[in-house]
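Okay, handing you the structure first.
The letters A, B, C, D and E name the chains in turn, as written, and every chain counts its residues from 1.
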Amino acid sequence: MVEDLLHSQPGILNFGIFFLLATVLLLVILGFVTYAILAERKVMGFMQLRQGPNQVGGRWGLLQTVADVLKLLLKEDTIPKLADKPLFILAPVIAFAPSFIVIAAIPFTDKLQFADLNIGLLYYIAISGLTTIGMVTGGWASNNKYALLGGMRAAAQMISYEIPLVMSVLGIILLTGSLNLNDIVAAQENVWYILLQPIAFIVFIIASVAELNRVPFDLPESENELVAGFHVEYSGFRWAFFMLAEYVYMFAMASLTTVLFLGGWLPLFSFLDFIPGAVWFALKFMFVVFLLIWFRSTFPRIRADKLMEFAWKILLPIALANIFLTAIIKEILKLF
Amino acid sequence: MDLETLLSFKWSIMTPEFIILGVITLLSLLDLFMAKSVNRKLLGWLGLAGILGALVALLTLMGNGPETILYDTFRLDSFAIAFKLLLLIGSALVFLIAISYEPKEGLTEYRGEFYYLFLAALLGAMMMSSSGDLITLFIGLELLSISSYILAGIRKKHSGSNESAMKYVVNGGISTSITIFGMSYVYGLTGTTNLLDMARHVITLADSQHIYLLGLAFFMIFVGLSFKVATAPFHMWAPDVYQGAPTPVTAFLSVVSKTAGFILIVRILMVIFYNIPTEGPGSMPLLIKVQDYIAFLAAATMIIGNVVALRQKNIKRLFAYSSIAQAGYLLVVVASMSAFLFDTLWFYLGAYLFMNLGAFAIIQLITQKTGSEDIAEFAGLYRKAPILAIAMAVFILSLAGIPGTAGFIGKLNIFMGALVVEPAHYVLVSIMIATTVVSYFYYFGVMVQMFFRPAANDEVKFKLPAGLGVVIGVCVFATILFGVAPNVALDFLQGNFNQFSDFFQ
Amino acid sequence: MNFAYLSILVFSPLLGIIALLFVPKAKESVIKTVGFLATLPALVLSLMAFFQYRSGSSLDRLDEMVNWIQFGDPNRLGELFSIKYELGVDGFSLIMLLLTAILSTLAAIASMYIKKEWKGYFMLFLLLEVGMLGVFAAENLILFFIFFEITLIPTFFLIGKWGYFEKEKAAFSFLIYNGLGSAVLLIVIMVLFARTGTSNIEALTYILTSDTDHLVMSAGGKMGLLIAMLIAFGVKLPIFPLHSWMVRVHVQASPSVVMLHAGILLKIGAYGIIRFGMGIFPEQFQDLAVLIAVLGVVNLLYGAFLALVQTDFKMVLAYSSISHMGIVLIGLGALNEAGIQGAIFQVVSHGLIAALLFFLVGVFYERLQTSNIPNLGGLAKGMPITAGFLLAGAMASLGMPGMSGFVSEFMAFLGLFKEMPVLAAVGALGIILTAVYLLRAVLGITYGKAHREFAGITDLRGSEWVPAIVLIGIIVLIGVYPNVLTEPLTSALETIMLGIGG
Amino acid sequence: MEMLNLYQNNYLIVFVFLCLGILLPVVALFLGKLLRPYKPYDSKYTTYESGLEPFGDSRVQFNVRYYIFALMFVIFDVETVFLYPWAVAYEKLGIFALIEMLIFVFMLIIGLIYAWKKKVLKWI
Amino acid sequence: MSSVPLSAYLALGLILFCIGLYGALTKKNIIIVLISIELMLNAANINLVAFSKFGVMPSITGQIFALFVMAVAAAEVAVGVAILIALYRNRNTVNIDEVNTLKH
């Protein structure tokens, strides 16, 4: 049915149907975010030998995050006098919207995908960069020293790590010869790119953690240095949207990692292909999310100068080298 | 493209460019890894050696007929060789001036960059002169422009330098955008960016709307390029930039950059717009139709340059207006479109190169010594340093077009070119001659300072740095040689470049 | 034979420049001697050429031609658009050359009054001589123009640096007027060159005079070029509305420079009009003859009237020069043999007379620091010999028989009377005026009331005798035996008369 | 036609996502406005500065370092713009592309070394 | 093929170009001038890409050209802003009217 829809003349009807489907996805993602936060707390609790949320929220704290959201919703909203009001209001929207838009291009299985773009990967990278603007806008609009500093740091960090991130996937593009995410998954039929491109994977995962502003790269919002970074003046639901954007990004990035390096919906071994692709995808996806949470509870925060130098002096050369290593190996293999 | 095709290209024709590129790389790396204590002037000499190497390489490439590589994007025809020769000689002299450049607040930190940015700009100019494709042409132009922007502002702490660089960037950006917008139309109507392919396409155009659009494109490209050569309507930047930029940069802008600009104008105009028929195939070319427009701009440039120069007190500003005027004379060559166009342009640019660079060498020496750029600083120069004063007099006389100097022969060439065509450009020539007479006022104003006025303080002794000495010597020699025996240059041109007949091949 | 005879002649002063380079700048007497000696080779060579010519040998053998500049592709264009280095003389230019050489030598002697920077002065002086000699030897319009311009620069400096109070202003007005003049001339030359492809005077004359169907150039075009040329040379000559610079220069420049300026540089204008205006555009020149004659009369009267009211002797001489140049124009306007001969005679004779008078001005200015007529009164008592020469010069200038001025004025007016009697009658008034103002001025100086003591003032001495004697000698020689000039001029005149169909 | 529809539909989806991405915050914030309390008083609206009275303007001139990093980003990001099509078309272009890109990247690496040596990459 | 005609793209390009030119020539703030210049360059890019797809003779070259223009524009603006910063440090202004010490 969806196939027919995709091949029909675009119009209002299509728009409506897509809208409904997208809303469903949005709800799924909101659900994910709700429980990802809970999972994060729980996992970290376990790892650090503490209890995760256990006082409210019913069994296993399942309603904890729900309660959090309600609390944020009911909280009074203040905008500082000195703030640039229009920008202050706009900033969370700018931060959130791109994080959601990128998900449109990600193939969850060979069937379950919203937009099959030829330039899927480029699209993802291009759009994901926009969030930075939201953060800087928020920091600037607040007219607060912490916020502005946090915003600038966020921008500096994100643009610095954007480069190795973008360059690390070049190896994959070289091997696949396409920017289409479906093609990239299909090319991993025999062997996953995590094995063919281990260096790229490492660079990618580090850069993506930095892009997500997560520990150990969470300097823009480090509580003890900058109080809370660019969103120090935000409260209530406006603040919630910054948080939401971050977790939706985590969702998107984990999905992308799965697609790029872990073979997407493909089974681990071909004899296991009776298990549906969606399940495989979910498993791998959850593994990546777990990995991210694991990082958070184990690594200490990096110092700001080390952070920046790490991106430029280590990750970037490695990523560049990886590209040419890939190209040269490919060239050598062609000779045989 | 496979390896065979790649290797089948005759890469040797790019040797001069490769040499310059290699030297740039080498210099930048050396600058980075050399100890702080090592004098960076060493890099300057190295760069000079590179330029001379490229010059030698270019000379060995001479007389091979047109060669193209990379699917016609890079072409080495006699036009390219002849004008690259000027670019290289000009740059070599600029380099000598730059090596002797010692501004008051020092340049130690940026001296290395200073040199290889010059080379980068030179590389851009060289690419421009040999490219057969709009894209490479554009890239060359921008490499030249962007390097020049930085060069103009290289004295970071000097607010005049900052200001001139800023004005240069803004003006340059605007004109680049206009040019590229014009180019986009030309591309759109031909579907290719290769100049000769374009020419082949436009020759068959018959749709009057397309012609109209191309006319629009012509104006945009021409107006945009007028920035590079500092002619009206885009000359306004020149005085400010020339005044604020470091003197070697000013010299570079006024000579090498201008030469490159004319190369570009001739390439684009002659190849594309000369082939556009205005009323169906075989009719009068667009370029001839807009000749009057070019002539008008040339006249405006000459008048503005020469008249405004009369009011100047700052020597560099004076020379800025003088160079605007000179660009106007050169535009007369373009406007007249005679059979002698290439010869005349080449000879005048060559003469202009020597006389202007020589003058700038002396200007640098004086302004550096006295710390002021006022024309009054030249007072009593004859008493203090007679040889310097006489050399300066030679350059100024040449700029003014007095017989016995290269400038006169150049002007003679221009007049002849403008008068030999049918219908002859009497008005344009008259304006040119009249403005030349106007220029006597300010040129001789400098002479009056040097020879008639007493010096403010006699104690200042001039120590002539070796680099400047060589520049001044070479320039005096060449200015007089090409003035007395211009056939040296003209025969060289006739003997080696075969009338530039391969320009359209 | 005579390999590069003319080249050596023209460029011989350069030897002096080179020699001067090695002389320390403080050695005044050495510099002056070298400067003087450097003018001698040209003098000797031109005298030799003159006497050889008088003794009947042809001047053609002096012609030189070397390929110089070739525009465009020589294989395709051949001789077209090539500029050759061509030197050559005919009777007329040989006389001018000789005049230049003589006056240069004498002016070099008169340069003893220069007070400062002798080295620079003499270098420029010699360069100026090269330019002047070249102008008369050039057989090629572009070459002519180059020498013409070369005279401009040294003159500018000579006026601007070694002149009197308002020297710089004078230098600039000289530069701008002459710059404009030469600009116009350059346009004419370039148009001719671009249209015909040659700049050789003979070839041009041939092409343009045989171009009766106006294939090369329309009649209007030719007329335009001729008028432009008249303006160009008119500035130099100077013709009436274009003269103001010249007065300034004559007053402000040092005497030795003015000797050359009045003696030679002004004559280049006349030379140009005769050689090129008449030579290349004879038909058009005929159409303009009346105008030229009228201009001549205007010049004559205007100069004379203004000279009448001047109190400064230099101003009197300056306006008298304007007035005398009017006679040249009158002669030319007559368009017959007598007239043209008169014009040429006037060119030579005024050159000599003006040089003499300005030299004498230099002599007493040196001693008395003034050239104001009332201040000079009674000169005859203090400096009788100088006063005597002055009187003689004035007589020559106003056209006393037996001196060169008479021959030229007589012939010029004779010519004009034949063609335009009314105009000539009006012009004759100028002759009377000339007598009036010159006598007023000279008598005022020599016999006027003495306003000052002349004690301790020496008369002519040493080398000062040479210019005075030589000049007065030649003036008298021409006046008594005009054949020295008429004979060499015959063939040149014939050519000109052939052109204008007279 | 088929392909075009597919193509346009795909981007329609992107547009839908964009709408939704904007709509969600707008709706949520609007709903929140209905639900949340509104009890303003002055000190709530002061800028937070760890409890102190805010002093000076917070929009101060920034360290040039931020700007330099932005510049570096521009340079290397534009570089990747060229690398992407290269990587996609690498299969077809073969060794020529490799060599060409090596030269290109070599130049950029010089740029990186330059920045490194000039201590631009150092964060304070 | 497409419902949007070439002329629409060209008109868009032209309008953008004119806005950019207007901004570049009239605005006082140098940052805005630089942005206006970018606008003009991008107008050219629109033209190039539109021509490369719907032009008289479509070819891929236009898109390549556009890529190059982008790269160059990036370099140009980078240099421009760097110079602006240096200027700002010396003068404390980004107003083009106040940058006028270079006069005779």
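We adopt the following convention: contacts are C-beta pairs under 8 Å (C-beta built on N, C-alpha and C of every residue); 3 or more make two chains touch, one makes a residue touch a chain.
Heads up on the chains, UniProt names are A = NADH-quinone oxidoreductase subunit H; B = NADH-quinone oxidoreductase subunit N; C = NADH-quinone oxidoreductase subunit M; D = NADH-quinone oxidoreductase subunit A; E = NADH-quinone oxidoreductase subunit K.
Source: prediction; values computed, not measured.
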{"item": "Contact-graph distance - origin subunit A, target subunit B", "value": "2"}
{"item": "Chain pair whose interface holds the most contacting C-beta pairs", "value": "A-D"}
{"item": "Farthest chain relative to subunit D (centres taken as mean CA coordinates)", "value": "C"}
{"item": "Most widely separated chain from subunit E, with each centre as the mean of CA atoms", "value": "C"}
{"item": "Geometric centre: closest chain by C-alpha means", "value": "B"}
{"item": "Gap in Å, rounded to a whole number, between the CA centres of subunit D and subunit A", "value": "14"}
{"item": "Cα-centroid distance, subunit B relative to subunit D, in whole angstrom", "value": "41"}
{"item": "Distance between chain centroids, defined by C-alpha means - subunit D, subunit E (Å)", "value": "21"}
{"item": "Distance between chain centroids, defined by C-alpha means - subunit C, subunit D (Å)", "value": "82"}
{"item": "Contacts with two or more other chains, residues of subunit E listed in rising order", "value": "75"}
{"item": "Sequence positions of subunit D contacting 2 or more other chains", "value": "94-95"}
{"item": "Each pair of chains that touches, named by its two labels", "value": "A-D, B-C, B-D, B-E, D-E"}
{"item": "Residue ranges of subunit B touching subunit E (in the complex, touch as defined)", "value": "134-135, 138-139, 142, 145-146, 149-150, 153, 156-160, 162-167, 169-170, 172-174, 176-178, 180-181, 183-185, 187-193, 201, 210, 239-240, 243-244, 311-314, 317"}
{"item": "Footprint of subunit B on subunit C - complex, ascending", "value": "67-74, 76, 81, 120, 142, 145-147, 149-150, 152-153, 156-157, 160-161, 168, 172, 175-176, 179-180, 183-184, 186-187, 190-191, 193-195"}
{"item": "Subunit D - residues contacting subunit E, complex", "value": "4, 64, 67, 71, 74-75, 78, 81-82, 85"}
{"item": "Contact set on subunit B toward subunit D in their complex", "value": "1-3, 5-6, 25, 28-29, 32-33"}
{"item": "Subunit D partner contacts - residues on subunit A that touch it in the complex", "value": "5-10, 14-15, 18-19, 22-23, 26, 73-83, 92-93, 96-101, 103-105, 114-117, 122-123, 140, 142-148, 152, 155-156, 159-160, 162-163, 166-167, 170, 173-174, 177-179, 227, 232-233, 236-238, 240-241, 304-305, 307-309, 312-313, 316-317, 320, 323-324, 327-328, 330-331"}
